[in-house]
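Next up: some structures, all given as structure tokens.
Heads up, the next two complexes both have subunit A, just with different partners, subunit B and then subunit C.
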Partner chain A sequence: MNRPLKKSKRRRSHISAKEERTAYLYLIPAFIGLIFITYLPLLGVFGISFFEWKGITSPKFNGIDNYVRLFTKDFFFVDSIKATVYFALIAVLGSMIYSLIIAMLLNRKIPARGFFRAIFYVPYVLPATAVYIGWSWLYETNFGLFNYLLARIGINKVQFLASSRLVVPSLAAISVWLSGNLIVIFLAGLQNVPRIYHEAAEIDGANAWQRFRNITIPCMTPIIFYNLLMSLVTNMQIVVPALSLTNGGPGNSSMFMTYLMYRYAFLNNQIGYACAISFIFFLIIAIFTAILFITSKSWIFYEGGD
Partner chain B sequence: MKAMKKVLVLLLTVIMAFGMMACGKDDKDTSKDLPKTQDSDSGKKDTPSDVGSTEKVKLTFSIWGGQDEQANTQITVDKFNASQDRIEVEVLAIPWENYLTKLNSMATANELPDTGMMMETAVIPYAKEGMFADVSDMFKGQKVLDSLAFTYDGEIMAYSSANEVLLLFYNRDMFDAAGIPYPPADAANAWTWDEFVQTAKLLTLDSSGKNATEAGFDANNIVQYGCSVENLMWQLEVWAISNGAGYFTEDGKELIIDDPATIAALQEVADLYLAHKVAPLSTGATDDGIPRTIISGTVAMATNGQWNVGTSLKSAKDEGLNYGVGVLPYMKEKVTICTGGPTVVFAQSKHPEEAKEFLSWYNSIENSWKLIEDGIWMPIFEEYYTDESLTRKWVENEAFPPYEEYKSAVVDYAVNNTKRAAWYYTNNIDNFYAVLGSVLGEVWTGGDTVENAITSNIDVLRDAFEGR
Partner chain C sequence: MKENRSNVFKSRKRKEKIASVISLIIIIIMAFVVLFPIWWILRTSLMTNAEIYKYPPLFFPSEFRISNYQKTLEVFEFWKYLFNTMTIIVPAVIGGTLTATLCGYAFARLRFRGKRFLFSLCVGSMLLPSMVTLIPLYIMWTKGLGLVDSYLPMILPYFTGGGAFNIFLIRQFIMTVPRELDEAATIDGAGRFRILTNIIVPAIRPAMIVVALLIFITLWNDLLQQTVYINSSDKFTIAIGLTNFRGALKADWSLTMAATCMSFAPGVLFYLIGQKYFVEGIVMTGMKN
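Up next, the complex of A and B:
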């Protein structure tokens, strides 16, 4: 992809240089936005992470102390990385599988298809806090609906949100339920899988599973990659359930990194320290994204690509 | 490359333009301040336009709260502005979520408002940095309850704008149905912890109607729980104090949370669910105790703050809830704790006297009356607790439980048996409660004992307490 572009650059004519200039000009507003709203704050966060700043008093430079404290003394930090990664893992895999299955069902010619498509998309547009509070009533240990139903069939109470073992999977299940946007994108992808391949395979005697495995999935890999990436970034940044339901508990089992950051910065006024967490968090997401990009080359199939 | 350079130049120009805009704003601000500083200048005024502007002292008053609260505060402040001609107060409304962040950044820029509301947990951290003006003489003549003073190093830093104490709320109908006398409404007759647990057992019913003392009681099918003791970290301390210890020494300087009496008290609370099966599981993560228990009709007795009378029980009463209020049970000492958000004068204010004058007016009983008669706030002035005619004026009101009951269970209790919540005298309490909440996280479901949780994490707790 890159090679031909470079060649044309070398042979750049006067006109194309002018066009390029115009292009840059049009890009400036976007650049300014990115620089002032994204890159400068990011640099700022990195800078502040080397200071002890309690909010009220002026910042004091303290070198890498914040980072040392994070990795050696912090009661929450390591648990918080574990909780975040664990949550993201379940939520991403869960929502990918769930969305793909729902999308394939919705792609069939079923009655009232439009209605069902809307139904599965609705959770995504509901206000997050309301969703979580509503689910907390379903999950509630003493009188919640799920436990009521379990009791009716003779199963002992399950502490969905109150037990440190179950809280992350329970919250991840909500996140899966919320993934209506992934369904929509999968659906669009499914409709682009050429019908002709399926027909050809059918003639060759391939069964439904073989067609799914060897036609649908390969054709969908670019869409799967996109959804995986979006889902990963969203689920790593999970914060609402910790804020509205669990306060990071029980123990530290749902102490997601964004929530921990919020707590240090805005409840305890340790701004410098929170910035250090923030920066580590940025690195973690970057690493996961990089892994995804690097491995993607081996499994993404671009139609018409080399 | 040339193109890149041009882009760079353009960018720099834009940055400079931004910078100049920012400077321009500053210039304007200082020029606005100028007339104020000039007025002491020998009283000689060159231009007639100066006359009006030099008369009034301008104050800003920062508040949080939604639109309704903002509008209400604005009405009160307008009344103050209309009532006199020396001071003009401007309301600075900041969303609750950003309140402290905003104040922090204003503090670093030396631009704090003159006066404002303050979160309980932030008072001592601010006091430690010398951010408050002395307000000990704010209420001339009117005595505020001693329990409502925030103190740092023995000095009074602020007063609560409202009073609140922890109480025991209960559902009368559930007691009547079980044929059990109501919880005591006065400290003299307060239940011991064992009496409380025993009563709770009689009120805990399974789906076949058996209570927790009967043979064949099915703890897996409870339809009504006897009690719920709120386990938010700050409310939980009352049991440690009641058992003769606490989280901290009374000067707020030492951590005594590993005292055996504190550990035993907290374990008693956890055992209500774990051992006695008389309380629903609560992990102390959400602050909705009374709606979740008494108002949902699933629990017979629940502890929580007085404000519930106004914030939730008032409307539940209108819809038919028959509730009463009593004093907390006790372990060794008959005690409750009080709290209340303060309003403060910031030390950065150039007009501390005027700010104090406004605050003392703002905190007057007339201006708080709406919240008091709704049952959300209790008065801060001692006379409302000691002068019966004033107490009647406050309590004889549809929103409240019967006068005699409320008088002994709340009014007298708040004067005679109240200790201050820890944020009145302890620094960095938010951080401490966050850590303690995590440390005790496994205790409520029985995954750990209080003793093990606290002793194995005592270094972490100590570190959080000493603060940073």
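Up next, the complex of A and C:
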């Protein structure tokens, strides 16, 4: 009775050692990536941000001078935080609402659903640079499509990308257009909402809005959370339109944080200073993510009532 | 009583039908709205500049001027740019998909010490925006390893699992593959690697295709890294080439739009080929989190 048990135990521990070796072998790429591509560079950003480093000369320690300059003297920096947060706010809210509505419509019994889903996904696979350049023609002040359409309903010409008031919302609208992947994920979530809840509520006399408010939304909260997080991290890192189209202008109205960091590091050779911007950028995203995670406990509804 | 119930049922059916018809109408309108910008760009690329500036604008070109594309190709070296872009994308996609599968498999199936810790490190790095580490990585690649004006700084990171998100995604998929399959293969004498290649990989093919697509799109969109790492015009990618082309030909909208349309094409083609898998896989990424 005792012997086979012992034997099997020994065999399992033997397999484990081999298994462990295999696991570490397979994980070598991830090890290297986590160390050299992720965590060391993050430490690097933090470290370099305390130096004055012009690229050619050797770095010189200057304490928190970079941070002092950022918060007291650099107007670009304040503008860049405003532009980035403003852009992310419109882009995230816009794409969440847009994709939830489209997903709910697609969730109805309609013909050729797969075909329509594919259409809404198409913008997502286009290269961002081409998308922004293409849209800049639609936004063109004198001959662009949008101003023609506005003229048709009696609205005067609008300078979309050439006005400091409208450039960020105009670019954010493109980001909403690009959010096809959120639709696909929302749609999958909607298909998992148990139909029986809706039927029960309908028999109890709940109208469409009440059912949306009290059944669809609560069941969808985990998916909403996931999409919100992904969309936030993506949109905070916006840089392509500034790089390919606006150069941060007009004024500093589209001076996104990543673009400002790029300018300091690669056009002005102020590497230490650019790292300070990177680090603050990291902190801002970390704070937003933390807020999402902390508040999520109170608004995410898990089935089974956990 | 019975009649009443069937009436309620009927009226509900009718209401549902009306709602579906209205949804369909709105969806069709929205699909037009979403596709319209693409059509507008395409139609502009096929018109003369005189036609473009007509008021009211034409919704269809009077004739399809393919010659715009020939003219564009004289300045916009599309094929060279495409080749260069693919020189980055193809190895990165292959390396990323393979290493993400290896790592995802280890996290999903194998038991080893430090698994929890390593996995949380991995998931934690998912929330780290790649833009943050750009400068130290640039210093490491160019000053540390001397890779100036090279594609390698954009390719090599993908040989480390292609980013935590991809590893995580593959892991989640492997968790849904029944363990009994592995065990049956073990009894038949298959080793870990055989199990991975013969059982796991066929089962998670949609996930691997999604990972490939995500890497493709990331690199496709990554104008910043391309600008930073590439200096010589011989090595320009589509994104850089297009930005410069627009800068040089600011007023010539039809040629700029022709170049834009050419840049759209490879992504659309790639998507059409793998469309079934992409949607299936992306649907699952949402569900598994």
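We adopt the following convention: the second predicted complex is superposed on the first by the 271 of 306 C-alpha atoms of A that agree within 3 Å, B and C clash if a C-alpha of one lies under 4 Å from a C-alpha of the other, contacts with A are read in each partner's own complex, and residues count from 1 in each chain.
The definition used in the following text is that a contact is a pair of C-beta atoms (placed from the backbone, for glycine too) under 8 Å apart; a residue touches a chain by one contact, two chains touch by 3 or more.
Please read these numbers as outputs of a predicted model, since none were measured by experiment.
Of the two partner chains, neither subunit B nor subunit C is touched by A:64. Residue contacts after overlaying the shared chain place A:141 against subunit B, while subunit C stays out of touching range.
When the two complexes are overlaid on their common chain A, residue A:270 makes contact with subunit B while staying clear of subunit C. In the overlay built on the shared chain, the residue A:159 is in contact with subunit B alone; subunit C does not reach it.
When both complexes are overlaid on chain A, the residue A:184 reaches subunit C alone and has no touch with subunit B.
For subunit A, the partner with contacts to more residues, out of subunit B and subunit C, is C. Shared-chain residue A:249: touches subunit B; no touch with subunit C. Residue contacts after overlaying the shared chain place A:29 against subunit C, while subunit B stays out of touching range. Within the superposed three-chain model, A:78 lies out of touch with both subunit B and subunit C [touch as defined at top].
Once the two complexes are laid over each other on the shared chain, residue contacts for A:287 go to neither subunit B nor subunit C.
20, 24, 32, 143, 265-266 are the residues of subunit A that lie in the contact sets of both subunit B and subunit C, per the superposition on chain A.
Interface residues of subunit C facing subunit A in the complex, by the touch rule stated above, are 12, 16, 19-20, 23-24, 26-27, 30-31, 34-35, 37-38, 40-41, 44, 52-53, 55-57, 99, 102-103, 105-107, 110-113, 115, 118, 121-122, 125, 127-140, 157, 159-161, 163-164, 167, 192, 213, 217, 220-221, 223-224, 227-228, 238-239, 242-243, 246, 253, 256-257, 260, 263-264, 267-268, 270-271, 275, 278-279, 282-287, 289. Residues 3, 6-7, 10-11, 14, 97, 100-101, 104-105, 107-108, 125-126, 129, 131, 220-222, 225, 280-281, 283, 285-286, 296, 298, 428, 430-431, 434-435, 437-439, 441-442, 444-445, 447, 457, 460, 463-464, 468 of subunit B touch subunit A in their complex.
Here subunit A touches subunit C in the complex through residues 16, 19-20, 22-24, 26-27, 29-30, 32-34, 36-42, 44-45, 48, 102, 105-106, 108-111, 114, 116-130, 133-135, 137-138, 140, 143, 145, 148, 177, 181, 184-189, 192, 202, 222-223, 226-227, 229, 233, 236-237, 239-240, 243-244, 258, 261-262, 265-266, 271, 274-275, 278-279, 281-282, 285-286, 289, going by the rule given at the top.
Residues 17, 20-21, 24, 28, 31-32, 35, 52, 54-58, 73, 75-76, 141-143, 151, 156-157, 159, 161-164, 245-253, 255, 263, 265-270, 273 of subunit A are the ones that touch subunit B when the two sit in their complex.
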